[in-house]
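A, B, C and D are the chain letters, set down in written order, and residue numbers restart from 1 in every chain.
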Amino acid sequence: MNRFMLFIHKTGSPPWFYNFSGKLLPWTWGVFLVLLVAGLYLGLVKAPPDYLQGESARIMYIHVPSAYMSMMIYALMAVMGVIGLVWHVRMAEIMMISSAPIGAIFTAIALATGSLWGRPTWGTYWVWDARLTSELVLLFLYLGVIGLYAAYDEPRKAARAAALLALVGVVNLPIIHYSVTWWNTLHQPPSLTSEGSAIHPSMLVPLLIMVVAWKFFYISNLLVRTRLRLIEQDQRKRWVHHILSGADR
Amino acid sequence: MDQFRLHHGMDLLQAKPYHSPEFINFKCMISVSDLTLERYFEPVFQPVSFSISTGDLVLLTGDNGCGKTTLIRILAGVLAPSEGRIEWGDDGMIYVGHMLAVKDDLTVTENINFMRQFLGHSETSTAEIVERVGLRRVCEQTARTLSAGQRKRCALARLLLTDAKLWLLDEPYSNLDKHGMIMLDGILERHLRDGGACAMATHGSLRPEGFEYREIGMVSGAAS
Amino acid sequence: MSHTPFIVGSYLIALVLLGWCALAPVLQSNKLKRFILSRQLFTEEKDASDS
Amino acid sequence: MSHRTGASKAFLALVRRDLLLAFRRRSEMMQPLLFLLVVVSLFPLGVGPSPDLLGSIAPGVIWIAALLATVLSLDTLFRSDFEDGTLEQFAISGHPVTVIALAKIMVHWLVAGLPIVLLSPLLALWMNLPMDALDVLVITLLLGTPVLSLVGSIGGALTVSLKRGGQLLSLLVFPLYVPLLIIAANAVSAAVAGLPYSGQLGLMGAGLIAALTLAPFATAAALKLSLE
């Protein structure tokens, strides 16, 4: 088995994964914090206010990355779900269900910041804007996956049911997004905050930094949650006692 | 708790065909090696290995919670094992478990007729099957009004409906009265004589009378 | 109408949600580890007293 | 597996049996339809009887009521067969589980979907929908209710082994119904306004074909999972 396959095979074994991710975590958290500080500083202090909306455009540096992450995490969840369903890879199942709450939280952040952003620009907290509406439906999709996983009591079966639902959801995601956007154009003139307009580089750089910062947050939080589930599921196994009595991280 | 006595190798030597003189095609219907299932990351039963061939009657014994029903459902193909391998022969299987698959709103005849169209074909007419399982008196009543024993007989009628060679029975003798047990012995004996095989999960004294059988003792996973 | 309350509000909400999202598993894993260790000690004492 | 009849014979046997079972329990079959009538009749009480107001919200209300009525009847789609072990026998019978899922879905549509289409003229009358848009409403319901059953059966199969699966089922299924609701309600209101609606009907036809080909496989996978 060549080195790459050996590596893939080893990620399957819980103790190896636990130690490997343990070593990885400080680095991912570190990079996240550095990027966060850089992004916030550039976004809040350096970047000029938007010529159209003034200061409130600064909410964009939180809203846009969160909306992007909520879509990306759902797609990743479906991919991990397929791996878990087809090859019964336990690690993929655990990572799939661990990323569901993170995705739901990013969706909630996107919704909250979106409505707060809407208040100064549109005058009301909630506008049935195309993006906000599809974010809302995405939140229901996430809650459906989390709810279904919680409803089953046997973890392996729960993960496969949630994976199947995530797969059906990801097939429907583009359809929902386009039907909501089409529906929105029927009932309302195109809203002000369409990202289509070219963004000035000084505002684009913090935006990109924030997106990468959110990715590192996702990776680190996913590893933490995966390690938690590994310990929780294998709590009677020897490697857990060995690690805990060794009282390392 | 007696560990299973027969190892895979020995089992083939010992498996003498049933008392009828010769079998046209003595073949293995199902073979299982180091099979186990994990639920909540704990093995439900100790790994088992055995194979069932023409004319065999295999009893899966063990006290409650040792995984007999789980193993039977794995053999039936409903459950996928966590470890180990299982190979099925190409001739059919039929499974009668705790859940009898008898619809309460259909009469006995309707239940049997539906299963006939669904599961397979058999020359014996429904009336004759109803007669064989002793439900002639109640065959026009809906299954809701039947007693537990009568419902079990209605489920066992499925066995006569198809020419499936391998029977998977989960405590078939429970709820049956004396006549019911005699009836079941009869159809089981006839099935084995016709070159069929049967795996039966049973506990305690409810066992087939006067049959050659091989016993596999099941040990629950937690006992390791 | 100054926008600062909305900006501060949205960053605050994001901070709180992300903070809780990061913190929850850490707290839970500490609780779980304490529970496993205590049960482990309990079983060890029981084995010691049995043998 | 067991020597068996052809899958189509099994399909027909299953459809015939389920229709017989449904007619044996007519009262249970009527409940979603009564629910439909009740929900629609609540709207005039809620928003006031003014004809033009009701007329403007009629397409959405009728379609949402159809959606709710279908979801109500989805929970019993597989549950009775799951609990008495017949579903297990279907899975072992050697027939493809997709065929079995398709048969159950077809019966569910005949028993729950079609009556909604037949009742829609009455609903249109109550909601003061202009009569010239009635034909479009019936077409959208004819194209849409099978999709409600097909997509809904995935949720039904996923929650069949759960004791209180009913509430969870609606949470799982509603996001998947969003595109269908948007297009269908818009098609009818376009017809009311005299605008062209053929595009929307085309989309719904495509949705029906997609659901017909993809949903049974997801439902079959979910059923096999629930049986474990």
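In this section, a residue touches a chain if its C-beta (ideal position, glycine included) is under 8 Å from a C-beta of that chain, and two chains touch if they have at least 3 such contacts.
Owing to the predicted nature of the structure, the values given are computational and were not obtained by experimental measurement.
Engineer: What chain sits nearest the middle when you go by CA atom centres?
Structural biologist: D
Engineer: Which whole number of Å gives the spacing of the CA centres of chain A and chain D?
Structural biologist: It comes to 33 Å between the two C-alpha centres.
Engineer: Using Cα averages as centroids, what's the distance between chain B and chain C in whole Å?
Structural biologist: Here chain B and chain C have centroids separated by 50 Å.
Engineer: Using the average of all C-alpha atoms in each chain as its centre, how far is it in Å between chain C and chain D?
Structural biologist: Once rounded, the distance between the two centres reads 43 Å.
Engineer: Averaging only over C-alpha atoms, locate the centres of chain A and chain C and give their separation in whole Å.
Structural biologist: Between these chains, centre-to-centre, one finds 19 Å.
Engineer: Give the residues of chain D touching no fewer than two other chains, as numbers and ranges.
Structural biologist: 228
Engineer: Considering only which chains touch which, label the overall pattern as line, ring, star, complete or other.
Structural biologist: Shape = other; not a path, cycle, star or full graph.
Engineer: Which chain pairs here would you call touching?
Structural biologist: Pairs flagged as touching, ordered by label: A-B, A-C, A-D, B-D.
Engineer: Using the touch rule from the top, collect the residues of chain D that touch chain B in their complex.
Structural biologist: That would be residues 1-5, 9-10, 13-14, 17, 20-21, 24-25, 83-86, 88-95, 227-228 of chain D.
Engineer: Would you mind writing out the residues of chain A in touch with chain B in their complex?
Structural biologist: Per the touch definition, chain A meets chain B at residues 154-156, 233-234, 236-237.
Engineer: For the complex, give me every residue of chain D touching chain A.
Structural biologist: Per the stated touch rule, the residues are 154, 158-159, 161-162, 164-165, 168, 171-172, 174-176, 178-179, 182-183, 186, 214, 218, 221-222, 225-226, 228.
Engineer: Quick check on the complex: what are the chain C residues that touch chain A?
Structural biologist: Per the stated touch rule, the residues are 1-4, 6-7, 9-11, 13-14, 17-18, 20-22, 25-26, 28-29, 32-33, 36-37, 40.
Engineer: Would you pull the chain B residues touching chain A in the complex into a rising list?
Structural biologist: Chain B residues touching chain A: 38-42.
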